[in-house]
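Below: a set of structures, written as structure tokens.
Shared between the two complexes below is chain A, which pairs with chain B and chain C, respectively.
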Partner chain A sequence: MILNYIGSYSLLFSLLISAIIFLISIFSIQNKKESIRNLNKLFFFQFFLVLISFLSLIILFVISEFSNTTVFNNSHTNKPLLYKISGTWGNHEGSLILWLMILTFFVFIYFLKSNTRPIRERLFTIVFQEIIIIGFSIFLLKTSNPFNQVIPTPDQGLGLNPILQDPILAIHPPVLYLGYVSTSLIFSSALASLICLNVNREWASFIKNWIFVSWIFLTLGILLGSIWAYYELGWGGFWFWDPVENISLMPWLCLTALLHCTLVLEKRSSLGSWTIILSIVSFTLSVCGTFLVRSGILNSVHTFANDPDRGVYILIFLFFLIFSSLIIYFLYQDKIISNKDHFNFLSKESSILINNWFVMYFLSVVLIGTIYPIFLEVLSNEKISVGPPFFNKLIIPFLIPFLIFMAIGPNLKWIKAKKFKIPIRLSILLFINLVIAFLVLKIFDEVTLKLTLLLTASFYLFFITFKDLIKKEYKNISQTISHFGFSLLILSIILNSFLSKEIITNLKVGDEINFQENIIKFKKIESSFSSNYQSLIGYFEINNKHLFTPEVRIYDQPEVITSEADIKTNLFKDRFLVINLVKDNDYLNVRYQEKPLMIWIWLSTILITIGGSLSFIKKYEK
Partner chain B sequence: MKNKYLLTIFIIFFTFCFIILFKGLKNPNTYQPEFNQNRVLSDFTSTEFFSDEKIKLSTIVTDEKYYLINIWASWCIPCRKEHKFLIKLQKQEKIKLIGINYKDKFKNAKNFLNDFENPYQIIFKDKNGIVSIELGAYGVPETFLINKNLQIIKKIIGPINPKTYNEIIEIIK
Partner chain C sequence: MNFFKYILIILFFFFSSISISSEKNINLELKIFKNLRCLICQGQSIYDSQSDFAESMKLVVRQKLELGMSENEIYSFLEDQYGEWILYDPKFNNKTYFLWILPFLMFLFGALLILRKLGVFKK
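Presenting the complex of A and B:
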């Protein structure tokens, strides 16, 4: 098939162009050339060639060309078109092309949008960026070429894992990748500005846009993944502290801290080296995520293939990035010009700094929880898995002061706050919230010290951000909305986690069961056929009015059984019903859950991203 | 000066991380159940690949030899990798190869054998995979080395590699 050749040769040529750009940039830096206009064509072609190879792979998937190994391993003729297309990035090789395509696209955009920056800094950014691109291109071509051929051509493919056949999951990887990959530009630009001694206000306000881009896409990507896990995996939760979820959370936490740091750098010319460190760490964590997921060192839904060669390659690349950025940082770190004024304790910048440290703490907890099992296994041959109790224990107590600082911080002034007045008012409000939290918990009979304090802090944040949202003349609408969204998110998560109810039982057709105030009736069971699966649909009635039709699907290519939960959502709670087959028995395993405020978890996250996006619109209006 | 110490500490720390992760990669991550050696393979009856006759395993396992039961399929990529070892084993005197064609189309399987040569003395069809399940197989490819009493001497999960190939040769010497 000609497309196999087109695809793999355009990848090769794109690698060649990357090398040319790299050499030109090095040459221009040495000769102090002042013009780099001619590069934009090369950037375009670099991107265009990867795009062609990506499109070839999509076409190969659409026409089910099984002479291609990737298509053969991940597709099947009777899959719906959407999943044939999404199958392109539903595997290791294809997703790496997508990764590379976004990488080359972003560097192209960077080149067009960075006219305001000094040429030397742009050149250095390009050098670092091209090193990353070349690294990933070689990785792709050498260890995971998507255009390998199977001879003789098989008649049929092996099919895509059915749990990945889902509309949300079709767009989850591209969105998440946009977030991951754009951190590379923050990394390159940070190192470049460090070398060129440009770590200043102007750089901060330039890089802020890229940080927002990464952060928004990463937030959306995580949200989509969570929603998928909630209704497809059938466990009835949205966050499991699975290694792969943690891997996406870590760069997110880091970016959140970075976002706030650049604000301080922009407004007060301070925290310069801290901003650089966070920029480096964000991207390193993204690559670290790629390593953990793709090397097969961890077992999870996202582990595509266990190929140690790939693991070794990314590991070496990852540590090459870590060591070289470490050395560059230490060489130039003294030269960062920083505002030496001490922060006043009651100022915006110190509250940002304090919360930055909290975020770093959360980040290290997640990082340790994720990689500790690997270290332990190597050092002592013991296999463990770190679950929610570890994270809950270490994170929740520190969440309380974090939320309170987050509530107070934005209301303080830069440099110095007015004395006493605000703190007194805020502490009265805090006390009122303590009472409210206590009363709420009393109603549900759940009073514990930790929960009371946690709820107090989140109510406090909620009311203060809500007050800002309705009262202020919108000095900083983006921040107000994001912070309100975040408070809503935390509040929904807390209420959701302690008010959720569930029952797990076995039921036969005609059975009835009482669960708290609900009567669950199993009416009948039906089976039906679809193009690529057979399904059993259970009909349940709850309180004689809500009809639930959860499904069990038996896919044929490959043969996998999945449970499709039926979820009824309203503003106050989700009712969640899922069935499972029990081998050799005529009853079904039924799980019914009531999860309050579920929809608010999704909505508040969307609100957070809307807040972030608004900062762009405002900037363009200016 | 202070920076230099800090840099050294960082470099040592990250080198340590690198070594640990590098070692971690070498650890096998796929779960392999403990296998009880010297178990007897359950006898089965299935149709022969070319003639469609019903044949019982114990009726063909009679000589003072070793038998290698190999579960394969034309759609299985690792099977192609291990094929060269099967061809080499076929040339050994003290061993006979028995194939079990797992969930395959007759036409594809025949093309596969034509393209890569047929190493098997006899091939059983296992259209719905039941025979392989009864043998206690985990997937394709999988190989059992047995003697005439149907005793399992060695079981290989996944494709045969140079190491397992040599082990088989050692056993049947």
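Presenting the complex of A and C:
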């Protein structure tokens, strides 16, 4: 098939172009060139060739060309068109080519958008970026070429894991990758500005845009993954502290810290070297994400593609990146021109420091909790599990002061809050919130010290950010909306977690049970056939008005049984009903849950990203 | 009229508190399910899984609860049978000192850095 060759060779040519760009950049740095405009064509072609290669792979998937190994392993003629397309990045090879395409796309955009930066810094950024691109290109061609051929051509493919055949999961990886990959530019630009002694206000306000891009896409990517897990994995949770989820959370936390600390660099010319460290760590964590997910080291529902050899390559590449960036950091970090003034305790910069302090603590909890079991197993052959209780125990107590600081911080001034008359008012408000939280918990008979304090802090943040939102007259709309969104998120999660109710039981057709104030009736069961699965649909009626039709799907290629929950959403709660087959029995396992404020968890996260996006609009208005 | 209202409210709270106490057992059961790893699954608790292993584990937990065993007794019983791998809540012992303590050390280290930046050490 000709497309196999087109795809393969355009990758090779793009690698060639990357090498040329790399050499030209090095040459231009040595000769102190004044103009680098001629490079833009090369950047375009570098991207264009990877794009051609990626499109070839998509077409191969669409026409089900099973002479291609990737298509053979991950597709099937019976699959709907959407999932043939999304199957392209639902596997290791395809997802890497997507990764590479985004990488070349972003460096092209960077080149077009960085006119304001000094040429030397741009060239260094390009050098680092090309090293990353070349590294990934070689990785792709050597260990995971998507265009290998199967001889003789098989008649049928092996199919895509049915739980991945889902509209949200079709777009989840590309969105997440946009977030991951754009951290590479933050990394390259940070190192370049360090070498060029440009770690200053101008650089901070330039790199802030890229940090926002990364952070917004990562937030959306995590949100999509979470929504998918909620309705598809069939057990009604949305965050499981699963290693692969943690791995996407870590760069997000790091970027959140970075986002805040660049503000200090921009406004106060301080925390320069900390900004550089966070930039390096963000990218490292993003590559780690790819490495750990794709290498099969993690024991998780998400590791669909397992291949240790590839892990070794990424691991070596990762070590190379970390070591070289650390060397650059230690060579240049004392040259960072920084405002050496001490911070005043009651100032915005101090509160941002406190934000960074807590966020880095959360990051270290997640990091240690995720990788400690791996190290323990390698070193002592002992297997332990680190699950939700560990993370809850270490994170929740620290979340309480964090939320309170988050409420106060944005209301402080830079350098020094002149008159801090607020404490009395703030503490009265805090006390009122304590009473509200206690009463709310009392009504639901859930009073515990931890929960009361947590709810107090989140009510407090909620009311203060809400007040800021109304009162601030759009002065810092991006920040107020994001913070309000975050307070709403935390509040929804807490209320959701202790107000959720569920029942798990076995029912036959015609059975009826009472749960809380609900009567659940199992009316009938029907089966139906689709192109690539057979399904059993249960008909349930709750309180004689809500009809639920959860499904069990039996896919044939590959043979997998999945449960499709039926979820009825309104502003106050989700009703969630899912059925499962029970072996050798004529009854079904029925799980019914009421999950309050579920929709607000999604909406508030969207609000957070809207807040982030607004920072761009404001810039254009200026 | 008002009197009846109060009586109704009191009765409501009375009954709802009763129903809650009978629910407590079920909640405990679910809590235990969520804290146990399904050993044959990929990163799922037995609560999340429908596999044969998970189903039989659920039966075991239910039996032990009916026998009057406490939550912790059930955990240590299962740990003896299957090893620590089954518990999602890692214990604090010589294998896990670092796991539990390292985050706190990081937090303290961060506190030192911040105090330095605030100029507390230079007076």
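FYI, the second predicted complex is superposed on the first by the 619 of 622 C-alpha atoms of A that agree within 3 Å, B and C clash if a C-alpha of one lies under 4 Å from a C-alpha of the other, contacts with A are read in each partner's own complex, and residues count from 1 in each chain.
Here, a residue touches a chain if its C-beta (ideal position, glycine included) is under 8 Å from a C-beta of that chain, and two chains touch if they have at least 3 such contacts.
All values derive from a computational prediction rather than experimental measurement.
**Q** When the two structures are laid over each other on chain A, do chain B and chain C clash or fit?
**A** On the superposed model, which is not a single observed complex, chain B and chain C fit side by side.
**Q** Look at A:152 in the shared chain and tell me whether it touches chain B only, chain C only, both, or neither; answer first, second, both or neither.
**A** It touches chain B, and chain C stays clear.
**Q** Does chain B (first) or chain C (second) touch A:374, or do both, or does neither?
**A** In the superposed model, A:374 contacts chain B only, not chain C.
**Q** Vertex at chain A, arms to chain B and chain C: angle between C-alpha centres to the nearest 10°?
**A** 80
**Q** Just to be sure I read the superposition right, which of the two partners does A:586 touch: chain B = first, chain C = second, or both, or neither?
**A** Neither partner.
**Q** Among the partners chain B and chain C, which is in contact with a greater number of residues of chain A?
**A** Higher number of touched chain A residues: C.
**Q** Taking the superposition as given, does A:350 touch the first partner, chain B, the second, chain C, both, or neither?
**A** second
**Q** For A:319, decide between first (touching chain B), second (touching chain C), both and neither.
**A** first
**Q** Considering the aligned complexes, could you tell me the closest Cα pair distance between chain B and chain C in angstrom?
**A** 8
**Q** Per the definitions at the top, what is the overlap between the chain A residues touching chain B and those touching chain C?
**A** The overlap between the chain B and chain C interfaces on chain A comprises residues 299.
**Q** Along chain A, where are the residues that touch chain C in the complex?
**A** Listed in rising order, the residues are 233, 235, 237, 240, 242-243, 298-303, 342-345, 350, 353-354, 357, 360-361, 364-365, 368-369, 372, 376, 380, 382-390, 393-394, 398, 445, 502, 504, 580-581, 583, 589.
**Q** Okay, in this complex, where on chain A does chain B touch?
**A** Against chain B, chain A makes touches at 69, 73, 150, 152, 154-156, 158, 291, 295-297, 299, 306, 308, 311-312, 315, 319, 322-323, 326-327, 330, 333-334, 374-375, 377-379.
**Q** Please output the residues of chain C touching chain A within their complex, sorted ascending.
**A** Spelled out, the residues of chain C in touch with chain A are 16-17, 20, 30, 34-35, 37, 41-45, 47-48, 50, 52, 83-90, 95-96, 98-100, 102-103, 106-107, 110-111, 113-114, 117-119, 122.
**Q** Okay, in this complex, where on chain B does chain A touch?
**A** Against chain A, the touching part of chain B is residues 3-4, 6-7, 10-11, 14, 17-18, 20-27, 29-30, 74-75, 77, 105, 108, 111, 115.
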